[in-house]
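Next come two complexes, and both contain subunit A; in the first it sits with subunit B, in the second with subunit C.
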Partner chain A sequence: MEFNFSFQETWLHKTNPSLKFIIIVFLFICMLFVHNINFLINFMLGTLLLYLFFTGHPWKRLILISIPFLLIFLTSSTSMIFFGKGDTTWLKWGLVHITEESFIRGVHLGFRGIVFAALGIIFALTTRPVYLFYSLMQQLKLKPKYAYSFMAAFRLIPIMLEELLTLRYALKVRGVKNQRGVKGFYQKIKHYSIPMLAQSIRRAHRIAVAMEAKRFSVATNRTFYYQIGFTKYDLLFIFYFLALFGLSFATTAYFPYLPIEDVRYNG
Partner chain B sequence: MTAITSVKDLRLKFPGVESLLFKDFSLSIEKGEKVLIVGPSGSGKSTLLQVLTGLIPNSVEIPMKADQISIPDSWGFLFQDPDTQFCMPYVDEELAFVLENLQVPQEKMKHYMIQYLTQVGLSFDDIHTNIQTLSGGMKQRLAIASVLALEPDVLFLDEPTAMLDPDGTQEVWETIKEIGEDKTLIIVEHKIEHIVDFVDRVIILGENGKIIADGTTQEIFKNYKTTLIEQGIWYPTVWEDYLKAINKPTPIVNSIKDGKPAVSLANFSGFRRREKKIDIKEQNFYPGEWITIVGKNGAGKSTLLHAMMNLIKTKGSYYIFNQDYRKIDSLTDYLTFVFQNPEFQFVTNSVYEEVAYTLRIEKWSEKRIDKRVEELLGIFNLTNVKQNHPYQLSMGQKRRLSVAAAIVKEQPILLLDEPTFGQDAKNTFTVLEQLENLRKLGTTIIMVTHDLQITEHFATRIIEVHNGKIVEDCCPSEYLYKSTDKLVNVN
Partner chain C sequence: MKKGLKLTDILVTIIISLIFGLVYKLWGPLYGVVSTFGLHVEQLIYGMWFIAATVAFLIIRKPGVALLAEVAAAHGEFIFGGEWGVVTLIFGIGQGLAAELVFAAFGYKRFNVFVVSLAGIGSAFASIAIDYYYGYIGDLALWNLLLMFGARIIGAIVISGIFAYLIVAALEKTGVTNLVRPASNSDYRALD
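For the complex of A and B:
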């Protein structure tokens, strides 16, 4: 089985993976302390802009990936909308109690989910695992032992997917019927996991021996085929988010969409 | 001459196994020798190579002791499985991995990569090529290129072509011969026709790591033929000797003219990811026929079997004993399938249960099941391991079990996808004989294979698939005549 996963390279691909990683983790943490929905909306628009226009992936794929975004938005917002606290009641029906405050807070949570998802996907779509690990080894001094183990594992994923398909065929041919309920689920797990695990353990062992046969060792220094350093694109990346922060602040201060500064309930 | 690698009084034991694999084992190999080590599975051939390179015990922790052991200063190791030799996804990155280990400066890497790739006869427009897009033979040659980067004096080869088709095997051995001229080679292999003229020393290992014979190539093939046959080694004249021994007649089918077809296909096509991968205009398969499907990798051979088993999306007309396949509730009443890797087909925890599985689904009575299972275990020589877990069996036993489990219901049509792949000669002949017995009873056998010898001596009909279409359909002798004719014309 072959996967066509081609894309256009953009400046996001050229930023240093370690730097990108740190900044995105930092942004994740920052978002937890944002309680002003106006700011969050602006910030979300900024990240979606990156997602939609600068990852270099085709439209169809981007839209497909964004389906789970919506799911995150719906699940994280509805529970707060339905059950959150608030004073201005819009609708009350049994346990469900929708108020203006809870609605706004729910939407706020949903937007935050979208920002998290968008940032994570931007990182995943614009970073080749191989570059990430080379960069982690060079900039953050990750031990080669771990870096190469991960890279070897990545290589095995398509092989495993192919194996899964064969396994499915084989079980079908043997007449394995899907039983219902917990027992059926247990049976299914057993039928798939044991052969897959057996193959994977064997394969992992073989790769490890092959790597050592190629003189891979923990002790010695090594040179790097990909020298990953810093470029102007890293500055661009930092600048983009600084500017986004600034702009979001300014518009929040001067042109707020809603007259709310803190979505938390203080009643 | 000096020994380049040697071991004296080696004792080695796998954890959890009762007896020692090697007991006071000694071997010495001299510089420039081309040594072939053969032996049955479980004789410790691969283990021996790993000991001689120090991979055991440095990388693989297995308890061992030796009075004296000398490991060559520079060595390279080529493994069997093309998919588990690489840790990086792209050609250049994989070569870079070795160069990095050797601390080659980054600016010199490209130069070395091209040099090693040229040595193994590989050239790419862009060396940043995904390894998954290469054929098995190319992958193994890439593995040789990365081994060359180690600048080895001694090359250890552990069945490097066991997983390759005939074309791949040919190209890999040619490459090895070319680059190995001035090196010491230590080769473990059981398909040896390609290298017999190349090696100058042959060692036969017996069960439990004992050297049965050690001598020049001529000596061994002259004096130890029976040993080679017993151990299932694919020595060059194995087929001739086998055919002579059993006095096999050319297979004949009686039912074609009068009988009705078991399978009849018309304008039948199979799809993978909405792409038409196999397209059959018209084709009938009759009871008692043994049809082998041949063709290059990716031609659509397996796809045809998958389509007939209804594992993929299909279109067109497909009749099994005059019934439309769409109207048949369960195709597995008529067809059964044997996969290349037997392990995928195992769904239970013991050999006995494995064979009984299908019958239990059919709700046979316990008594009938027992009778049928014991009968099959007897035929396939598995009675003494019937309580074992399928994964504990040897390669040959696993294969026999997968065939036994597949045919337990006596389906009239048997599909097989390279069932003899990676098997030694003895196992291959056993499986073929059992299939032949089924065929004589009227089973239709449709089998994908790369092995033209099987085709010549067991098949009643040959179908060659090319680009998803049948390009040749004739009897084996005619086919072989035509293909040699083609070769002559090309040459």
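For the complex of A and C:
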């Protein structure tokens, strides 16, 4: 199996992975306190801008990846739209009770989902896992035995995928048919998970023994092949989000799309 | 005996978790499709997102494994481009911590269906707590909220409790678990 996964390096690739990671987690916490849908819309546009123009990946791939965004929007919003609390009824049909408040709250949740999806994808598309773990070791003092274990494990993913395919063919060629219902579901899980897990554990054990022999588990005073530091692009990344916050606040204050300041129910 | 996890434990845990990380990633679209049926049917399969902690703990049986497994699986999902992005990591930490606490409450010495299901329920509660802030679920109509909780907890018991237990029981027959488990008291007794 070969994937063509080429892309252009942008400034997002050059930002420090740990810093990028911390900022995104920090944004997550901030977003939990945003209850104003106008602000959220502005902020969402800002993140989508970053996703569409600065990840350095080709258009086709970006569009393909963004299909699940729509699904996210639907899954995060539908329950709240149909069953949320509210007073101004739009539609009542059996159990479904759509009100203005619940609709807006649902849409707010959908947008929130999209913001995080976009931030997550931006991170995943612009960060090489190896750099992330080297940076975590150097900047955040993650223990090398964890970091190297993660990196070794990532190398095994292609082997696992190949095994999964082999397994599928093997089951097919033997004419295995799945039953329906919960029992069938369990059998399917079993058919795939047992061989996959058994093989992976054996392989992991062998690799771990080799790594221990090479002293990967020793934590003190080690040197690193990749030295990851900070650059001017880190400042750019921080300023982008600071500016986005400022702009979102300003447009929310002066040009609100909707006259709603808090989507939570207060009745 | 040295405290803490050895590199072998960590690597095996992470590799198991990455397999589940892939499953978690694939579970996202499935969850999306199922949720279009409405009435929180999708919550019945939510329990799959708790399974890494319980399976890894049952295989390796050491303190810290459940938390590491759940975080690693969430990280895997994140790196494979999971739709929920950073949110997965926060949920992973919460769910892993909850499962870990349940195993700790039994002194890391009980490995039966009951304890594993309890760990699944713990993870379910953790995810509900995070959802409370993230998804405004307090603003759902009450009957709907209870339906959601109920479905999620049932899913947690069936998938991350019972299925996880059965999978590891089947895995024990292959003999690989002996590679990574610490020696138990019965092993020492066999030497006498």
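One rule holds in what follows: the second predicted complex is superposed on the first by the 261 of 267 C-alpha atoms of A that agree within 3 Å, B and C clash if a C-alpha of one lies under 4 Å from a C-alpha of the other, contacts with A are read in each partner's own complex, and residues count from 1 in each chain.
Everything that follows uses one rule, which is that contacts are C-beta pairs under 8 Å (C-beta built on N, C-alpha and C of every residue); 3 or more make two chains touch, one makes a residue touch a chain.
Note that the structure is a prediction, hence the values are computed from the model and not measured.
*Asks:* After the overlay on subunit A, what do you see for subunit B versus subunit C, clash or fit?
*Replies:* Result for subunit B and subunit C: fit.
*Asks:* From the overlay on chain A, compute the angle at subunit A's CA centre subtended by subunit B and subunit C, rounding to the nearest 10 degrees.
*Replies:* Placing subunit A at the corner, the angle measures out to 70 degrees.
*Asks:* Where does A:207 make contact in the superposed view: on subunit B (first), on subunit C (second), on both, or on neither?
*Replies:* both
*Asks:* Is A:198 contacted by the first partner subunit B, the second partner subunit C, both or neither?
*Replies:* Both subunit B and subunit C are touched by A:198.
*Asks:* Figure out whether A:105 sits in contact with subunit B (first) or subunit C (second), or with both, or with neither.
*Replies:* A:105 sits against subunit C, while subunit B stays out of touch.
*Asks:* Using the superposition on chain A described above, determine whether A:152 touches subunit B (first), subunit C (second), both, or neither.
*Replies:* After superposing on A, A:152 lies in contact with both subunit B and subunit C.
*Asks:* Mind working out whether A:242 is in touch with subunit B, subunit C, both or neither, as first, second, both or neither?
*Replies:* neither
*Asks:* If we overlay the two complexes on their shared chain A, which of subunit B and subunit C does A:217 touch? Say first, second, both or neither.
*Replies:* After superposition on chain A, A:217 lies in contact with both partners, subunit B and subunit C.
*Asks:* When the two structures are laid over each other on chain A, which of subunit B and subunit C touches more residues of subunit A?
*Replies:* With both complexes superposed on chain A, more residues of subunit A are touched by C.
*Asks:* Based on the superposed arrangement, let me know which partner A:30 touches: subunit B (first), subunit C (second), both, or neither?
*Replies:* The answer is neither, since A:30 touches no partner chain.
*Asks:* So, does A:117 touch the first partner subunit B, the second partner subunit C, both, or neither?
*Replies:* The second partner, subunit C, only.
*Asks:* After overlaying the two complexes, what is the shortest C-alpha distance between subunit B and subunit C, in Å?
*Replies:* 6
*Asks:* Intersection of subunit A residues contacting subunit B with those contacting subunit C?
*Replies:* Overlap of subunit B and subunit C footprints on subunit A: residues 148, 152, 154, 198, 203, 207-209, 211-212, 216-217.
*Asks:* Flag every residue of subunit A that touches subunit B in the complex, lowest number first.
*Replies:* That would be residues 2, 130, 148, 151-152, 154-155, 158-159, 163, 166-167, 169-177, 191, 195, 198-199, 203, 206-217, 220-227 of subunit A.
*Asks:* Mind pulling up the subunit B residues that touch subunit A in the complex?
*Replies:* Where subunit B meets subunit A, its residues are 50, 53, 55, 58-60, 76-77, 79, 81, 83-90, 92-93, 96-106, 109, 131-133, 146-147, 150, 306, 309, 311, 330, 332, 336-337, 339, 341, 343-347, 357-358, 361, 391, 405-406.
*Asks:* Which part of subunit A faces subunit C closely enough to touch in the complex?
*Replies:* On the subunit A side, the touching residues are 24-25, 27-28, 32, 65, 68-69, 71-72, 74-76, 78-80, 82-85, 95, 97, 102, 105, 109, 112-113, 116-121, 123-125, 129, 145-146, 148-150, 152-154, 156-157, 160, 182, 186, 189-190, 193-194, 196-198, 200-205, 207-209, 211-212, 216-217, 263-265.
*Asks:* Residues of subunit C touching subunit A in their complex?
*Replies:* So the residues of subunit C touching subunit A come out as 6-8, 10-12, 14-16, 18-19, 22, 28-29, 31-32, 35-36, 38-40, 42, 55, 59, 72, 75, 78-90, 133-136, 139-141, 144, 148, 158, 163, 166-167, 170-171, 174, 176-177, 179-180.
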